[in-house]
Structure formats: structure tokens, C-alpha cells
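First, the structure itself, so that you have it in front of you.
In order of appearance the chains are A, B and C, and numbering begins at 1 in each one.
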């Protein structure tokens, strides 16, 4: 059991995709205009990551090396489409607010990266835990960034108003604010990790 | 288990199998979710029409799709016009779907007009406007707010932002979105007018038979 | 005129990297030197334009008529991956010098989300084929521009004494934010050009 816990902690802390590995930057920056958007994007990615890690760890011996990338991409794209259809059918608000970035989960380098570096070398159970760990790390990164941007930009967190919107610095919701907020968050994380 | 080698046969078989399996899975999921997705769309539209017409007990009697080229920019726009009756069967007015280009992409609005063409309400159906700026359009023009357009008539009131010599306050720092929104409203109004004019002169419109709403 | 408008808007107003957040990974990863940045920029523009044409035709003549819209993501990504491989093989045979210049960047492009993003976007916006091609090409130019400008800034950044915690990615991200802020200055441009051309 300890081994699996370590895998989760590793994904969350040591190989945090947002602050340490710096992978999957497109959705990280684009969808974090509010805390709730960041959280839903993180969970959507985590779903695809866990499923694709699981299936790929089963398929690892059945795919010849030369065609492993197309097979992995097909598996990931399938889960992304499943997710897309499910969201459209049952949670249309989330589908509307994340828009283009749902199909773009396919090219999120976190997912293909984990398939290559973890799921293709480990068993199904370990791969699931790796998906959970990395997925949680990614969700945490996106939610934290979303909270900071929503708070600084519009004075609320998860829609709860903390100070009047007119005092917010709008720039943090706009594209430049995404880069700058993440830049400072990374600096803080670096400081904590003692790099 | 031994890893499969890189022979041509192995590669072809694996790729074909993967293609078939993924295709089948997706076809199945698509099949399962198709109905809820259509249902969602219908429900969103039905509740949208109710909210913009300010009436919970209404019937959609006909649905017309109007294509019209606007002289202003020589582009063809498509409007969907829902004619609505109240519970007693008296005409309430029309709800119109109208799309223009906003700041970052298409801005699709549903606007409710009563029989004399006054705006009863509106709702944003699709938007890619900037959060905190243009995305405020869903509240800004509602009754009681700064830029309210409710109960105004695009035929008689000049629905333009004050910068362009009109009477509507633009959303702070989002003139482009405000212009696009008002353009959508004005064009929707114009579309209902040709609809009326052609009905009066007896020209048959190319129209689908409207579905009866469940209410 | 409307093509010129798409061209200018895609490069400056809605810059693919700095305001739409597509293709951030190569933007941060391959922007250490101006020479590699320009190579990557050219390669992306090239692949982007061709991929958009192919996926557009596929959508209009296969997916839409047969109601296979739900296969969009899957087919587009496979088409893009295949296309990148084919371009690599063709370049190797036909023009070794071009291959030497662009070769190393090609495999990276498959997972560049701006290619898939643009392919899906032109379908969503409902552009015509010609408009799509112009949009894809100008998006590529916009990507190249952002990448080269950013690489030039980063070359200077190397000579600056940065606080310890901010070293590495942190200061790079803040710099990118400032560049993005500069590009926001173009946001009124599209409306201005529209009225200039009488398209408003």
C-alpha cells in the first residue's frame, strides 16, 4: 500500500505537472479565469489521464514499438471524445465554459507524457495511482491559479464575493495575468522547495 | 508476456484492431448520449424562450429560419424566429436568435419582442467574450441595470452605444462587445419586421412547421 | 479585404500564443535562441496550413455528410500525426537542406495544440475553405512572430541578474505576461480596420 501512496505523493509534490514539470501549459493558462473553471478542467484532465493510463498499461505488451504513439493517441482521443459527449449530455454548462479546451485534452502533453514514461512501464494498478497523483497535482495547480486570478481580478473566490468587483485588477483575468500569476506562483513554489 | 515484435503483420493487425475498437466504443457512447444532448439543447432553448418572453406558460406556434444579407457589411446572417402564443392562444410576440461577431468570436443572442416590437428580455446563448469584460453582457443590458434595453423598441429608440450617438451605455471597457450585442438586437428586430411584412402581403415564407412546445 | 482582416487579426489581435493560449509548450520550450525559434515558427506555419486544408476537406466531405461528427477529435489528431510523419519523410527525400533545418522540430508539432486547435476552430467559426487557409497561415505567422520576439527577449534575459527564486521558468512566464500585455495594445485594431475597410 505504501508504494501506491508514494506514487500519489510523487505526482502531487515531486512531479507536480503545473509547478515542477511545467506540462500542459495551454489549458493551465487558458481555462483558469475563475476557480471553478480551473477545477473542472483539472478534473476533466484527471478523468482522461486515469482511463488512458489504465488502458495503456494493459496494451503495453500488445503494441509493437514502432506504432505505439499512434495507438496511445487513439486511446487518449477516444476517452476525450467520451468525456466530451458525456459533458455535453449531462453537464452542458461545463462544456460551454471550457469549450475548445475539452478536445484539446488530446494534445495535453501531461497525458501522453505519463503514458510514455509511466503507464508503458508499469502495471495497471500502479498506473491508476499515477493517474490519480498526477491528476490531483494538475487539478490542484489549476484550481490554485484559478483562485488567485479570480480573487485578484474580480474579488471573489468560487463565486463568493470577498471585495467589490470594481476594486479588482482586471488584468489578472485577461491573458497577461495568467502568465504573470503563474510566474509568481512558480517562484513561491521554488522558494518552498528550496531550489 | 513477450512484447510483440515490429513485424508488418503485427503492426497492421494492432492498428486495425485499435481503430475498430475505438470506433465501436465511440459509436456506442454517441448513441447513448445523443438523446440527452438533444434534450439538453431543446430544454435550454425552451427555458430561454420562456425567460426572454417573461411568460412561463407559453406555446411556440411556429419556427422560421430567415436568411438575410445585411447591407452594412454585405454578409449573410441567419435568424431563427420563434412565434409565441400565451396560454390562451393569443400572440405574445416573437423570440429571435441572432448572431454577430463579438470581440473574440461569435456572439449568439436570443431576444424576445412583444407584438409591438418592444424588447421583453434577452439571454446570451453562446459567447466567447472576455470574462470580467465583454462577458458581463449577460447582466449589463437587463432591466434595472446601467445599460438596460428592456421595454425599448429598436424601431423607435436608437439602440446604439452613446459613443456612436445612441442612448445605451456601453459595458465599461467593452465597446466592441456592446456594439456587437446591440447590432444583434437591431438586426433581430429588422428580421422580425420583414417576416411581418411578407406575411401581410401573403408571400409564403420558407418555414419549417414549428414543433409544439410541451407546455 | 476580409482576408487581409483575418490575416491581421490572427497575427496581432487574437495572437494564437499570447491571447488564445494555444501552443504554449513550444513557446516556452523552444524559445531560448532566435535561430531555433524561427525554425520552429516556419515548421509550424507549414504544418498548420496543410493540416487545416486536409482536416477541413475531411470534415466537409466525410464527417458531416455521414453524421460522424463525434469522430472529429479522433480523426483530426490521427490525420495531423500522419501528416507530420509524411511531411518528414517527403522532406527527407526531396529537400535534405530543408529537412536539416526543420527536421528536429517536426515530431514536436504533433502534440502542439495550436495545430489541432486551429483545425477545430475553423470548423466552429464556420469559415470557407479559403478563409480557413488564410486563417491557418496567419495563425502560423502569429505563432512564429510571438516565438521569435520572445526568443530575442530571452537572449537578453540571460544577462540579467534575476532573484534566486524567480530563476528559470518563473521569470520567463512573467516576461511572457509582459509581452502578452504589449499585444493587448492591438485589441482595438480589428474594429478600426473594419470601419476603415467599410466592413463594420
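Throughout what follows, contacts are C-beta pairs under 8 Å (C-beta built on N, C-alpha and C of every residue); 3 or more make two chains touch, one makes a residue touch a chain.
Quick caveat: nothing in here was measured; it's all calculated off a predicted structure.
Chains A-C form the pair joined by the most contacting C-beta pairs. Set against the Cα centre of chain A, the chain with the most distant centre is B.
Note: centroid distance chain B to chain C, computed from Cα atoms, is 30 Å. Chain geometry summary: the mean Cα position of chain A and that of chain B are 31 Å apart. Chain C has its Cα centroid 22 Å from the Cα centroid of chain A. Residue positions 70, 74, 77-78, 81, 85, 174 of chain A are each in touch with at least two other chains. Multi-chain contact residues, meaning those touching two or more other chains, occur in chain C at positions 70-71, 74.
For chain B, residues touching at least two other chains, in rising order: 22, 26, 29-30. Taken in their complex, chain C has these residues touching chain A: 18-25, 28, 70-74, 77-78, 81, 110-113, 116-117, 120-121, 124, 163, 165-174, 176-178, 180-181, 184. By the touch rule above, chain B contacts chain A in their complex via residues 1-7, 10-11, 14-15, 18-19, 22, 25-26, 29-30, 33, 36-37, 40, 44, 126, 128, 130-133, 173.
Residue ranges on chain C touching chain B, taken from their complex, read 14, 70-71, 74, 125, 187-188, 191, 199-200.
Across the complex, chain A meets chain C through its residues 22-30, 69-70, 73-74, 77-78, 80-81, 84-85, 100, 103-104, 106-109, 112, 171, 174-180, 182-184, 186-188, 190-191, 195. By the touch rule above, chain A contacts chain B in their complex via residues 33-34, 60-67, 70-71, 74-75, 77-78, 81-82, 85-86, 88-90, 92, 96, 99, 153-154, 168, 170, 173-174.
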